[in-house]
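Both complexes shown next keep chain A, but they swap its partner, so chain B is in the first and chain C is in the second.
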Partner chain A sequence: MDSIIEYSPILIKGTITTIQLTLASAVLALTISFIVGLARFSRHRSVRAAAICYLEFFRGTSAIVQMFFMYYVLPLMGVHFSPLTAGILACGCNLGSYGSEVVRGAIQSVSRGQHEAALALNYTTYQRYRYVLIPQAIPVMIPTFSNLLIELMKLTAVASLITISDLTFMAQIIRVQTALTLEPFLVILVIYFIIATLLVQFTKLVERKFSKGRQVVSDGGR
Partner chain B sequence: MASVEKIIEFRDVSKSFGELQVLRNLDLHVNAGEKLALIGPSGSGKTTILRILMTLEDIDTGHVLIDQDYLWHQQVEGKLQPASDKHLHKMRENVGMVFQQFNLFPHLTAIGNIQQPQMLVQGKDKADAQAKGMDLLKMVGLEEKRDHYPHQLSGGQQQRVAIARALALEPKIMLFDEVTSALDPELVDEVLNVLRMLASDTDTTMLTVTHEMNFAREFADRVLFFDKGQIVEAGEPKEIFSRPQEPRTQDFLKKYIAGIA
Partner chain C sequence: MEWSWTVVEAVLPKLAQGLIVTIQATFVGAFLAYVLGLGLALLKMSKIKVVAWISYWLGEFVRRTPLLVQLYFLFYVLPDLGIFLSPFVAGVIGLGVHFSAYTSEVYRAGIENVPKGQWEASRALNYNSYQTMRFVILPQSIPPMIPPLANYLITMFKETPLLSAITVIELFNAANIYSNSHYKYLEPMTLVGLFFLIVSVPSAYFAMRLEKHFKPKSMRG
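So, the complex of A and B:
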């Protein structure tokens, strides 16, 4: 265990990288979720079709392969990413596809009566989504989004495969340099678990903020 | 001689949902300021008429006019074409609707529900919208509930807020679709009283679908009895309720009195 403590600086570095990777891909995933999820309601068939293609492609293929593609294949076509960028893109695009379904489902769960009330008040389509549907859909999204955030954090471990020095990568280094196997992986398991716990606390905070004073009732009316 | 201004016209309007024909060659004129009660058996198309006026439902054939202007059509180079979204948006300014299920925005307070549409749709600033909102809440007797969310209000209170919200945009035409039928019996009167008050002191044209015959009798200038997508009988309340001419009307009212309809 002493030798592990000796390695604590690189473990801390790895922890920071994992957190950075998680947060940056979370922001990307959230953005994609809303863009692709809302695109599913577009009146233009081509926009809807593009959103479905995105969803099926990124949900239907492996995140690791997507990341390898971005890091090893795209440079052959003249597009170069740093390992960190490739990792963020792969994790963000992948989780964004799942997230878009969360956004779509939550907006669909808002009752028809709410659509009709907004229309009867002469809201524009933009206003209807921005001020009526999305505010009611967000509290519905948050629990599923917090699960996805944990999934995302765990997914970032694959980024070590393209030399990003995250926690998993650092554990490998310690293993190679010290010939210890149990200790480094046990330690990072605990660290991953602590990060996950913190993320859950964070999402609970967000959830509380968004449900303050409101209770979203599905009134079932038309 | 100046004729009374027609604010709503249905000309030979038909509407089907799949196989089911809900409106059959309907002709209907409503004068500006008139208070109309629509009665009739379930499924006769009463709600559909209101929803067509609110642009929640389109029509298959015929024409609907509001204030001499086509609702579901527009003139393009002298030819009538299906209405564009822009045209519908403009026409919707004339009409407000109150729903059976209230449909208040659950994430906004009572005052927020009334304020927001004024700001978004009419571009009013917050202070003006709020002042008007408070006036309206006062009018429906809910001043002290301004900061309550819909789930903190009774059904009757929610419906009164919904009425205030629709009135805030000052539409020429107000549509009320069975606004008391989702309420517990003891809450019906507080909502009907608001309607009675509106009927007595506004020039707003009001169309009310209702199963409350006593209310229809005192509220309406004219009662329309619908059956199977057609107007079977129309006239002043005392005529329709005291001396219905058509067998179908007589039948309906008899069932109503017996507590079936």
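So, the complex of A and C:
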């Protein structure tokens, strides 16, 4: 156990990298979720088709294959990414595809009457989504997004395979240097668990904030 | 960067062998996940509070930590404790244990979603607990469980490349080994991606059909 304490600086560094990777790819994934999810409602067939292609491609192939593709194959075509960029892109694009389905489903779950009311008020498409549909869809999205955030955090461990020095990578370094096995892996499992639990608590907070006002509105509307 | 068909020809047999390992790992892992998940679900619903609490947090721990690290744990730690597993067995156990945390939620939700009145009705009919489960609860709770369980099968299929990290030569690792020894990355990686698409897109479509099929009539839109 002594030697694992000796290695705590690199474990802390790994934890920071894991958190950075998680947050950066979460922002990317959220952006993609909304763009691709909303594109599914486009009036242009080509936009809808492009969104479906994106979804099926990133959901249908494995995240680790996407990551290796970005890191090893794209440079051969002249596109160079640093390991960290490749990791963020792969995690973000992969979870973005799952997220787009959440956005689509949540917007579809908003009742038809709301659609019609917005049309009756002569709202433009932008106004209809911005002021009527999306605000009501967000509370529906949050619980699923919470689960996806955990999936994303766990996916960042795979980025250690493309030489990003995150927690998992650090644990491997400790294993190689000290021949310890139980300690490093147990410690990082616990750290991952703590990060995930904090993320869950955070999304619960967000959920409460969003559902607060919502409850009053939906009760008043009935 | 030119696409070379000779490379494709050379790598395809290796990929086919890898695909077989991938499919084996998926199905054995899924079988484990379905069985362990049921056990975990029953423990979570236990009337003994301590058992329910411990099994809940055990499930959450498995679900909130990366499968890759769990695989490393099985692969590197267990031999030090005197338990020797082949990479494939360690990988399949890892997959099964990891996804049992997910399937247990499916079972639990399926059973708990049966309306309370159904339990009360079976009590009123003087059914014993076997009869209640066999004739009232399970027939109503199993159909909605099937689509999510099928979806986890697809998810597990897509997670199998992680087994390459513990030296299992499945589809992805077969491509990787070829790539590293011949310094050809484009064709093997693209083919692996293609293989995954070919399997998972139709199965996702099939799972969607299942979902429609098993939806309660009242919820059909």
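In the analysis below, the second predicted complex is superposed on the first by the 215 of 222 C-alpha atoms of A that agree within 3 Å, B and C clash if a C-alpha of one lies under 4 Å from a C-alpha of the other, contacts with A are read in each partner's own complex, and residues count from 1 in each chain.
Rule of thumb we're sticking to: a residue touches a chain if its C-beta (ideal position, glycine included) is under 8 Å from a C-beta of that chain, and two chains touch if they have at least 3 such contacts.
Please read all numbers here as calculations on a predicted model, not as lab measurements.
When the shared chain is aligned, chain C comes close enough to touch A:Thr197, but chain B does not. In the superposition on chain A, no contact is made by A:Ile35 with either chain B or chain C.
Contacts of A:Ala63 after superposition on the shared chain: chain C is touched, whereas chain B is not.
Looking at the shared chain after the overlay, A:Ala171 reaches chain C, while chain B stays out of its contact range.
Shared-chain residue A:Ile150: touches chain C; no touch with chain B. Of the two partner chains placed by the overlay, only chain B lies in contact with A:Ala117; chain C stays clear of it. The larger set of touched chain A residues comes from C, when the choice is between chain B and chain C.
In the superposition on chain A, A:Ile10 contacts neither chain B nor chain C.
The residues of chain A lying in touch with chain C in their complex are 56-57, 59-66, 68-69, 72-73, 76-78, 150, 153-158, 160-161, 168, 171-172, 175, 181-182, 185-186, 188-189, 192-193, 196-197, 200.
By the touch rule above, chain C contacts chain A in their complex via residues 1, 61, 63-70, 72-73, 76-77, 80-81, 158-162, 164-165, 172, 176, 179, 185-186, 189-190, 192-193, 196-197, 200-201, 204. Residues of chain A touching chain B in their complex: 111, 113-114, 116-117, 119-124, 127, 131-132, 135-136, 213-217, 219-222. Against chain A, the residues of chain B that register as touching in their complex are 54-56, 89, 92-93, 95-97, 99-107, 116-117, 120-121, 149-151, 165-166, 169, 182.
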